[in-house]
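You will see chain A twice below: alongside chain B first, and alongside chain C after that.
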Partner chain A sequence: MKARVHVMLKDGVLDPQGEAVRHALGTLGFEGVGGVRQGKVIDLDLDATDRTAAEARVREMCEKLLANTVIERYDIEIV
Partner chain B sequence: MKAAVLVFPGSNCDRDLAMAFRNAGAEVTMVWHKDSALPEGVDVVGIPGGFSFGDYLRCGAIAARSPITRAVIEHTARGGYALGVCNGFQVLTETGVLPGALMRNAGLKFVCRPVPLTVETADSAFTAGYAKGQQIAIPVAHHDGNYVADADLVARLRAEDRIAFTYAEPINGATADIAGILSENRRVLGLMPHPERAAEPAHGNTDGAALFRSLLGALVPA
Partner chain C sequence: MKARVHVMLKDGVLDPQGEAVRHALGTLGFEGVGGVRQGKVIDLDLDATDRTAAEARVREMCEKLLANTVIERYDIEIV
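After this line comes the complex of A and B, so read on.
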């Protein structure tokens, strides 16, 4: 079973890298980009066969390591 | 007075930090990240600057989950002293020993220069050698020193007098210009600037020496 974790900065936390990307897009002539937020995608290869158990396990991984929940939020996709 | 300085793959200020502790009179042991216990009788743990584990995932994130760091968390929970400088501060926030988080500098630039700091409290073993409100110059060298704290946390840090140092001018977008904070029991200090790089005359600046002297002074058995 595979899991995909999306880690994004929480709303309200300034994303300096996203802002820099937004400026660069403007420089290239892409107009109308109101905001850019940059995050991470983490793919996990799991031995698990049970979907619910796998999701619970990945949630624990997110809480303990994959995301810093002070500034980041995460979404888990089991695929 | 016994100090332990942690060494992670990618630490690069470990020997500088050890030297500063030694010059202040401490007996220093270097401790490898894979060790699971601190040497017997350690009074203070130094978590050095650098780029532990290549800053993979997030600065300090992997180091914060290393075997030795578990021992450091237990040490601080027992009331032991710890000093985290730069990457060491990031490690301490990643463990949750200190609140908040350190993000990419708001200007996206790696800032590497001496910066003016204001000493916000003299009420700690680390800052007792300074006067509240005193301005000192200490070098910084970081890309991710933008301290993030929400309004509640800043209010709490202020109310508990736990902001140790602030930047006298904005350098990285840090909330309330916070450069260093203390734990609730005031025995853990995390700061982005490098006092060990301004600790002896050959550095051309000794403003950081008082931090090590006062810490060691506080820890010498009476």
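After this line comes the complex of A and C, so read on.
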């Protein structure tokens, strides 16, 4: 079973990477780009066979390691 | 219109970030995690109203800035 986790900075948190990308796009002549937010995507191969159990396990991984929940939010897709 | 871009290292390319995550998960007692690959996710707010044009524009951004197509692949979702 595969899981995909997105970890993004929470909405109020300054995102310098996203800002740098927005600025660079402007410099390259790409107009009409409003906000840009950059985050991480983590693809995991899991041994689990039960979808619900896998999601709970990945949630625990997010809380303990993958995301800093003070400033980041995450979402989990099991595929 | 919003676009989400995923940029991942191509399959043959060594992914030290993913390896570090896999190792750390093992250390924390999460078993049954096979491969881990880590990439970037970039959310863009676009002024565009035409879906096809927006996708073409974002593809150009990927080729020119967002991805290093020698070692990375990208996919684009328009939402």
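Operating definition for what follows: the second predicted complex is superposed on the first by the 79 of 79 C-alpha atoms of A that agree within 3 Å, B and C clash if a C-alpha of one lies under 4 Å from a C-alpha of the other, contacts with A are read in each partner's own complex, and residues count from 1 in each chain.
The rule is simple: contacts are C-beta pairs under 8 Å (C-beta built on N, C-alpha and C of every residue); 3 or more make two chains touch, one makes a residue touch a chain.
Here the structure is a predicted model, which is why all the values come from computation and not from measurement.
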| request: Would you sort A:65 into first (chain B), second (chain C), both or neither based on which partner it touches? | output: both
| task | Give the label of whichever partner, chain B or chain C, reaches more residues of chain A. | result | C
| message | With both complexes superposed on chain A, which partner does A:16 reach: first (chain B), second (chain C), both or neither? | response | first
| said: If we overlay the two complexes on their shared chain A, which of chain B and chain C does A:78 touch? Say first, second, both or neither. | reply: neither
| said: Using the superposition on chain A as set up above, list the residues of chain A that contact both chain B and chain C. | reply: 64-66
| said: Quick check: in the complex, which residue numbers of chain A touch chain B? | reply: 13-14, 16-17, 20, 64-66, 68, 70-71
| remark: Listed in rising order, the residues of chain B that touch chain A in the complex are 57-58, 61, 65, 93-94, 99-101, 103-108, 146, 148, 173
| So in the complex, which bits of chain C are touching chain A? | 6, 8, 18, 21, 24-25, 28, 30-48, 57, 60-61, 64-66
